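The chains carry the letters A, B and C, assigned in the order they are written, with residues numbered from 1 in each.
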Amino acid sequence: MSQRIGRPTGFKFTKIEKRFGSLHALRRLDLEIAAGECVALTGRNGSGKTTLLRVASQLTRPTRGEVTFPGMKDGEAPAIGYVSHAVMLYDELSAEENLLLFARLMGVSEPRKRASMLLEATHLASRAGSLVRTFSRGMKQRLAIARALLHEPGLLFLDEPGTGLDTESMAWLVKTVRGLRDEGRTIVMSVHGESALSQWATRAARLEAGALIADTRGGATFQTVFAGGET
Amino acid sequence: MIKTGVYTFLVCALMGVAAYAAFYVAPTEATMGLVQRIFYLHVPSGMTSLLAFLISFVGSVSYILTRKPKWDWVAVSSAEVGIAFCTVVLLTGPIWAKPAWGVWWAWDARLTATLVLWLLYVAFLILRTMMEDTDRRALVSAFFGIFAFLDVPLVYGSIWWWRTQHPQPVIFSSGALDPTMRRVFNLCWLSATCLMALLIRQRYELEESREELRALEQELEAR
Amino acid sequence: MGLLSNTAVLLQKEIQAEYRSHELLTTATVFILIVIVLFSFTFDPTSAESRQFGPGLLWLAFLFSASLMLQPCFLKERANDTLSALRLAVSDPFAIFLAKLCANTIFLIVTELLLLFVFAVFYNVGVLPVFPQLVLVFFLGSLGIATTGTALSAISSQARMREVLLPLLLMPLLVPVLIPSTEATKALLEKDHALRWDWLGILIAFDVVFLTALWLFGEYLLEE
């Protein structure tokens, strides 16, 4: 049970492979993300983006290979925030109850204050006592991001965070991501091609059938990565 | 390692000798007569099934700790062989009981416990058929395999104590064995154990081949 | 943050959720009631017979009801993938199991005690003189059912045919709970109201073994 550290950190994939039965989701992936980078990960459906994020956040155990967090000493683990396709919230609890639950689990100091602050920031303060079941997709997504930020993580994973968002929520998301990037947090977000969201990325990479086929770190331009990968 | 063919021959030979001994060498038992000879099949099968389940347990624990597929193959192979020997116990029980005591089934402690174990490990196999993903199936069934084996002493203990509290005529007791009987019994037990090892190995190799085939198919698909 | 405080937070959430919806308790209670009524048609419910067959029928009803009640335990965490959120948030994954098995034990005991009184009325069996001892037996038995049932719920939620699979896996495993619980309950309802520590000993052994096994190996069940 290592201590969770909130300072921005990167991670490193060494020969990561992930199979689900007969499906090869990730193939011999070597990847290094530095602290503070804001990475836009793109690729077709089924290319392995979600699996990559889940392996990096240690939700999914790789079949082979190693995930390391350079900069973390022994007994330390990075504080990770994760926003996925599924909202990862309890429908039968209210917005505030959800945030309080996760804040208390993660040992956040002054959980009520922190929850209030995040509810304000995500414009959900007026619905703090309403059950999540009654929320729209946009509201759920905002609350999910609030949940991910409770413990001030240094490493954030956002899996297609813009899906199903209305224009207003999308604008809020873009602003939030920019703000988090400016705070120096490491962000890895999977996106579907170029968008208002990806414009704030400092790096872009493309996955195809579980392999990395283009990376701005490796010299490709943002354009080629988003267009299709082939230089 | 002895070649499979040679080993198979040896096991068959040993079983032949054991069968001969059970029928012709062992003296006839005083009260039950000829049918008592089934004891040489019934009891060794029970002991062998427990041994097989122990091997399965070792396989399950090893898989969880190492994640090497071969331990999953050990776990499923020995569980299947254990069930087979369990089935022999459950079939020979009534065959022995009816002529000797007039009932097909007595809720005798050992037989009842064997029945519960049979159900438990059959459930283990059914669990495996309900999962497709090989890795998840291996991990999940390893966990259930551990739970199942930890239950074995508790099942035996609780059923034995239950029978002690509500005594019934004791049916399948081993009792004091005549020395010749004991020698024949040991021989039969040895041959059952060797058969178990052979069957587990065959089943293991079958599982290994299946996995190889699957891996090749996948590689082909990937091209 | 530590195992116990995480468990306390999660336990509170489980109970709060059930308090709001009443789903588990209502369905479990009604189910046991139905089973008791149906069983009554299968034997002559005189006082003596009830004392003999009653405990067995009661515990069988408890077991069947538990195998239904435990279905949603991990299944509901898959709906919105809250299980992933929990795994990221807690320091020790065993907290997730511990909280759920404590909650399930409580739910089981509540329904069992409720139905105990129904049983006492239907079959004219005096339960009040031995009520505290019965609570002890119910607690030890329910703890065993909840520990194994919670673990198996995590297993079956990942498999096909999970509604049938959970009872199929659970029932044989719980034979060492069924026998001691039934015998101990029967002994308490007899004239001498004996508290059988030999049977309770087996229940305690079962609980310790499987709690330990779950503690050692449970986190592997949550892996992906």
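Heads up, the rule we're going with is that a contact is a pair of C-beta atoms (placed from the backbone, for glycine too) under 8 Å apart; a residue touches a chain by one contact, two chains touch by 3 or more.
Since we're looking at a predicted model, the values are computed, not measured.
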- Message: Quick check on this structure: which chain has its C-alpha centroid closest to the centroid of all protein C-alpha atoms?
- Response: C
- Which chain pair has the highest count of C-beta pairs that touch? B-C
- Item | Chain at maximum distance from chain A, centres defined as averaged CA atoms | B
- Rounded to the nearest whole Å, what is the centre-to-centre distance of chain A and chain B, using the mean of the C-alpha atoms as each centre? 50
- Between chain B and chain C, what is the separation of their C-alpha centroids in Å? 31
- Note on the structure: Per the C-alpha centroid definition, the whole-Å distance linking chain A and chain C comes out as 38
- Message: If I count partner chains per residue in chain B, which residues reach a count of at least 2?
- Response: 136
- Message: Touching at least two other chains at once: which residues of chain C meet that condition?
- Response: 223
- Item | chain A to chain C touching residues, read off their complex | 1, 54, 57, 59-61, 80, 82, 84-93, 97, 101-102, 104-107, 147
- Message: For the complex, give me every residue of chain C touching chain A.
- Response: 1, 5-6, 9-10, 13, 16-17, 20-21, 79-82, 84-92, 223-224
- The answer for chain A against chain B in the complex is residues 19-22, 24, 63
- chain C-touching residues of chain B, taken from the complex the two chains share: 64, 116, 119-120, 123, 126-127, 130-131, 136, 139-140, 142-144, 146-148, 150-151, 154-155, 157-159, 161-162, 165
- Note on the structure: In the complex, the residues of chain B that touch chain A are 132-136, 214, 217-218, 221-222
